[in-house]
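Since the structure comes first, as structure tokens, the remarks are kept for the end.
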């Protein structure tokens, strides 16, 4: 294959499967990659594969190659095989500030789930009405790691990090307008969190957040590293 | 006077006295301005005058001209005459996130006080420990306007604005390091506040915040406009 | 409802009704939110609800759920119920620099009106021809709060703030090209206003400006806080 | 105490002790804070306290109040009591790209150690000579969490994250000149890491990285949350 | 011709032919330029001409004028005459980090080839799986100049530059999202490369990189300068 | 008229006619403005009116109101009346670096011409082939003011300013890609010109440049100021 | 001389003398340049030479070489010979917004004066009190070119440009703090001026503004170009 | 040694010796590094070592360890051994725009010389007076690679690249003020060069430029790669 050098050994080497970022790839490249994957998976345990940021046109060609894959439209994610593995390790709680953040939060949820964790999702608990987040204190405190997803002022992050003892993975979103600057304001706010215990990923990077959360909550008998 | 054209009519025109931003002015210019003010004030009611961002060297020359002025070192502010006017209008509450924000908060407090308002100051109630701000709910709700001063993630602002019904004047501070970017992160966070009812001023502009708060809480029988 | 946790108590808690920022929400999410609102409003006084930044496609589904709502196309705003409350409190004057700023100014006007204030609108009085703004001095001075809407150099703001004694809420707009930088130039100019008494909101945030102005001009017998 | 509202319950609430960011605080404020801490610690188990970014002048006054504290000059950190707790939980490996990154790496090392983890430090293994990092593969793979500290191109981070299965906490440093932009280049590079499993903290924020790493490697019987 | 002043003497003067950047030119302008070129080329040796960043609509009109030209769709490049010159000088190796970088890498490859060099292309060897690039050490070390093409963290560049003794031309790409900032993150990372021996060109500028590489690997008997 | 407050006195007051920036205005607003202008022009000498940045859809409605106007498609400008005034004052030379800069250069040319100056246009003389600009030395030196239009490195500006004694008005264009940053690179380069005598206008602001050039080359018997 | 290649022919070629930007030059380099100038000036008419941004230490060595030079401390400028030429051409008016802008305004004033123009200076007429600038309408309208110097919101520029018919040269200053961003806010505001007829120079570039103004107001019998 | 892992094999591996960037290193670290180098050099051919960006205090301690080293104060560089190797390979020409750029140009010159090339330096030939650079055409055309050093508008780079057939290494400098933005303007200008054949290095990175130039002009019988 000339367009990509897939890292087929990653599952064996790191214990986490490969993912294909579809944005920026042509349909022809995607077909070639999907086929190569399917053929190799017939001979080797590659773990589940995730296709992220799949456009509708791209989804069509991936699903043509892998008709039994799961396609989640909210997060533009395709997973194959469709069934996530049985959960092991600790518990991930994904919390998001507003409805518009849901597409990113869901990408984190599904990624962590396909990487083998149990995940709970808490939606639309921004701090403008503080009671919404305070009423979720128990579920937050049951987590081994929290993924907090927010745009704009991102004030959810220091508030959540101040309420829990576990690590918080923060995902800025490009929600908002004007000086939201496509997520930059939320990113800066998160990196400046006055509560410690926060690790930040790229804007709208639900995949990266779910991956990191899955690693943090991994079972302690690391079989792969 | 050749270095400045003072706006002596401002007190009569707008009802609020002039202030002299000392940063960027030479000692010689400041002496000339202070003398011109003192001489004019002998003939006309100019209201109290504030000298803001006064360096120690500048403070010395201003106090040499106006020995009975009040000099607050925390906020680098000089006021003359030293005695603030008797408070009228509504109540201003100034709240700040951390100890390092105090110099800006104090500038807001004193400005509003010299412009004739009653002011209460609440210090170091950042949201990392949410109980600190929640325990101040009553004093916040007694305000006609809140001035919220914070750097870094500035999460104090949407939390406070979500707790009160009155307007909030938000002042970003240059506290912090790295991507605090000398207050830009806090500024963006405030402009993106998910709670409405927030008006923002320049970074570290305690004077502007105190001035605006004094206008918002002005008595309704506007004598000056 | 799984996509949003509406803050139904906000009207009771803060005295100001909820608003739904439609930008970034899917049509399905918006339908779900609108229905939840309508059903709750049948059982509880939620005050008027505003849908802001409504795309034509979104407007269609909101109006399908709330056929008697008011839809203003200039500002892309839907209000329900259609009739604003009887005005109380002080007077809001909304002033804008150019014709292209009108969509933002109108959003401020309608927001303040649905939040219960009397509002006057003054259009296209940029400072290139100073007589335009000087001829409006009387209406400006009749205001309890001025909302000043401008893009590009935003010089309208310091000029207006220098003419009145009341607070000025400044709204930068994304009007212009090149180094207008989608409103950033106007935002910086406003935050640097040489006239004090200016609180700034996010670029194009007519809703936030109208809300803040309504709070500033609220009647003094605050029933809600 | 009027200058600070210390969060004395944080150790009980979150399981992690308070830290005092000294930068931006006056000597007088620091004296007041240190005394308040010492007095409270006589009555309540507050855990170890860390003073970070201590200038030489500040160190003097803190050490005058807490003469038996430990002062590390490389990282400008003071810890009290001087003896770190006995390590529990997993293993932290701190790795840095160049000699100039050491002051930040050391802050991470000490923070994680005072928060109760075992920490190993690997210095000056930037990717310009790839053999340096490849020769450390075993110690890296023994980690439960890696803290990677780098400035400039920060290429150490994706290389390390590609070599291990555990989470990586990435700390950009302000090392470098020109378009290093005081650490912004390294920060962006880290947030864009082509290897997943990376959580990023603020520029030069060794404290935050050490804290997050300590949480990630915490023993699973969480006593505090 | 009124729309362009073509530099027909460039081939004679610099030894390298002209190229036409099609982006930003109208179809009418492009027709005029193509015709002028063809007519002049009938009378004078202008060398091969490259049309870069050709939109499909533009390609159509260029190919209508020069039907025997070569059109590469991956890189949106048209070359005329279609046959590259016989290679002279040293060897160019073009290496790219991911599949999405291929369009830029191919532009570099073709440019260097039409300027008379032998070029080898190595695709999708990002550092997340270090074995991919290490397995190409031999082909990299056979180069007289390497062109390294990468987006996001651009860590490929310092790793490659640390492996070879020859110069590296680095091309940042606009691949990625969020803080990839359309290639700015990769650009900064490359300019900060901890390995020396790297010269950087504009984002997505495969043409410029191929041109520079062709000059670096030029035969030493410079006939043109 | 409610959407605009036209400055009908500007021609009398400043000696230069009004212009209507069409970008950002709705079709309905533009119709209203055009009609108001036409009606007023029947009663008062307003001078020629320019409509700039006219989209094809906008051009249609303006030309429907003013069928005898001149529409230049290269620069998206409409002028009415179609015939420019007889030239007075000095000579303007408009010079641009590349073909893609022509749309901005032409806007400058036409603006200066409709404001009453004689204008010469010199196209595609970027400094990559220095002979192109050196061969135009005579026409450049015949100018009373030069308008220099360039994108990307904008090196044309210091080279031209070093060749002439008259003022140079510099217009950055948004031509280019990557770190051209939509004209910001050219703007910075021009503001940093090592040759003095350069005044810069906004990116792509051919109108502003033509206006300023017309003022600089105005006849000395100023009838209007 | 090895450190500089002075452009001794500039006065003959462009009609304007050379200037030496002292910032960034070592004392040794400055001595070498000053001597070379003095020696050449003994043999050739080089016109007056200006040394700009002279530090006190630099001033000392320049004055040691040219003891009869004029040193203006407000603007950190040295001119030699001390006597400006007899004024020719039109009239320059330099106007500045605040006292802190004076050092830049004075540099413009002296530069234009040493380049042979008559200059009037108007100080501290910012738009916060509009009467200050309106009272200067007559002197502004007597100008052939206005130099407007302002920091922060720079609203002085569109107001002045709206009042006069002649060209305006705008100089942003680094006065202010926070989002004044060392003059960037003022620069953007000026480039976005809603009044046409404004040419902008670099931040704090009083020299460049004075030079451009002198060229604009040059006598029409250009002897040099 | 605990503070640094020196890459002693680099000379053998890449054919180019190590360099020590002194900025950001403590005196104690530098002493440790210098000693380690000296001791190793007694047993192994490490080639010449360069210490760059040496502060006066640092220079003292390095020279105490290596008393026979060469210290160039203009470029703040120390080389050991003091004698550069006998030149091989092609010719490097270093050209700079202004006197203030000399410190960076000299660093490039010395680096290339200590890496074994013959270097010619051409100073102060900025394009404001085009004759200065045109008079150096012959020396420029004798080069195998040109290093062009410039700040501010950096127009020297496209002009030089348009005059020669060989590669150009461009070094932006932090010379200038205001929107020179510490070299960013020059950097952008260079990356946007309208002449192809330009590779850019970090701001003020004379070392990197000299290194790259030495590689480009290396003798073709590569003994090391």
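The first chain written gets the first letter, and so on, giving A, B, C, D, E, F, G and H; residue counts start at 1 in each chain.
Heads up, the rule we're going with is that a contact is a pair of C-beta atoms (placed from the backbone, for glycine too) under 8 Å apart; a residue touches a chain by one contact, two chains touch by 3 or more.
Nothing here was measured: the structure is a model prediction, and the numbers come from that model.
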Would you kindly state whether over half or under half of the residue numbers at the subunit E/subunit F interface are used by both copies, giving same or different? different
Suppose each chain is reduced to the average of its Cα coordinates; what separation in Å results between subunit F and subunit H? 44
So, in whole Å, the Cα centroid of subunit A is separated from that of subunit D by 26
Using the average of all C-alpha atoms in each chain as its centre, how far is it in Å between subunit G and subunit H? 36
By the touch rule stated above, which residues of subunit B touch at least two different other chains? 13, 98, 128-129, 162, 176, 178-180, 184, 187, 191-192, 202
Which pairs of chains touch each other in this structure? A-B, A-C, A-D, A-E, B-C, B-D, B-G, C-F, C-G, D-E, D-H, E-F, E-H, F-G, F-H, G-H
Taking the complex as given, what residues does subunit B use to touch subunit C? 13-16, 19, 90, 141, 162, 164-167, 169, 187, 191-192, 196-202, 207-208, 211-212, 215-216, 218, 220, 222, 224-225
Okay, in this complex, where on subunit G does subunit B touch? 98-100, 102, 123-125, 128-129, 131-132, 175-180
Touch list for subunit B against partner subunit G, complex: 2-7, 9-10, 13, 21, 23-25, 29, 33, 53, 172, 174, 182-184, 187, 202-205
Report the residues of subunit C in contact with subunit G in the complex, numbered from low to high. 97-98, 126-130, 134, 151-155, 157-159, 161-163, 176, 178-181, 184-186, 188-195
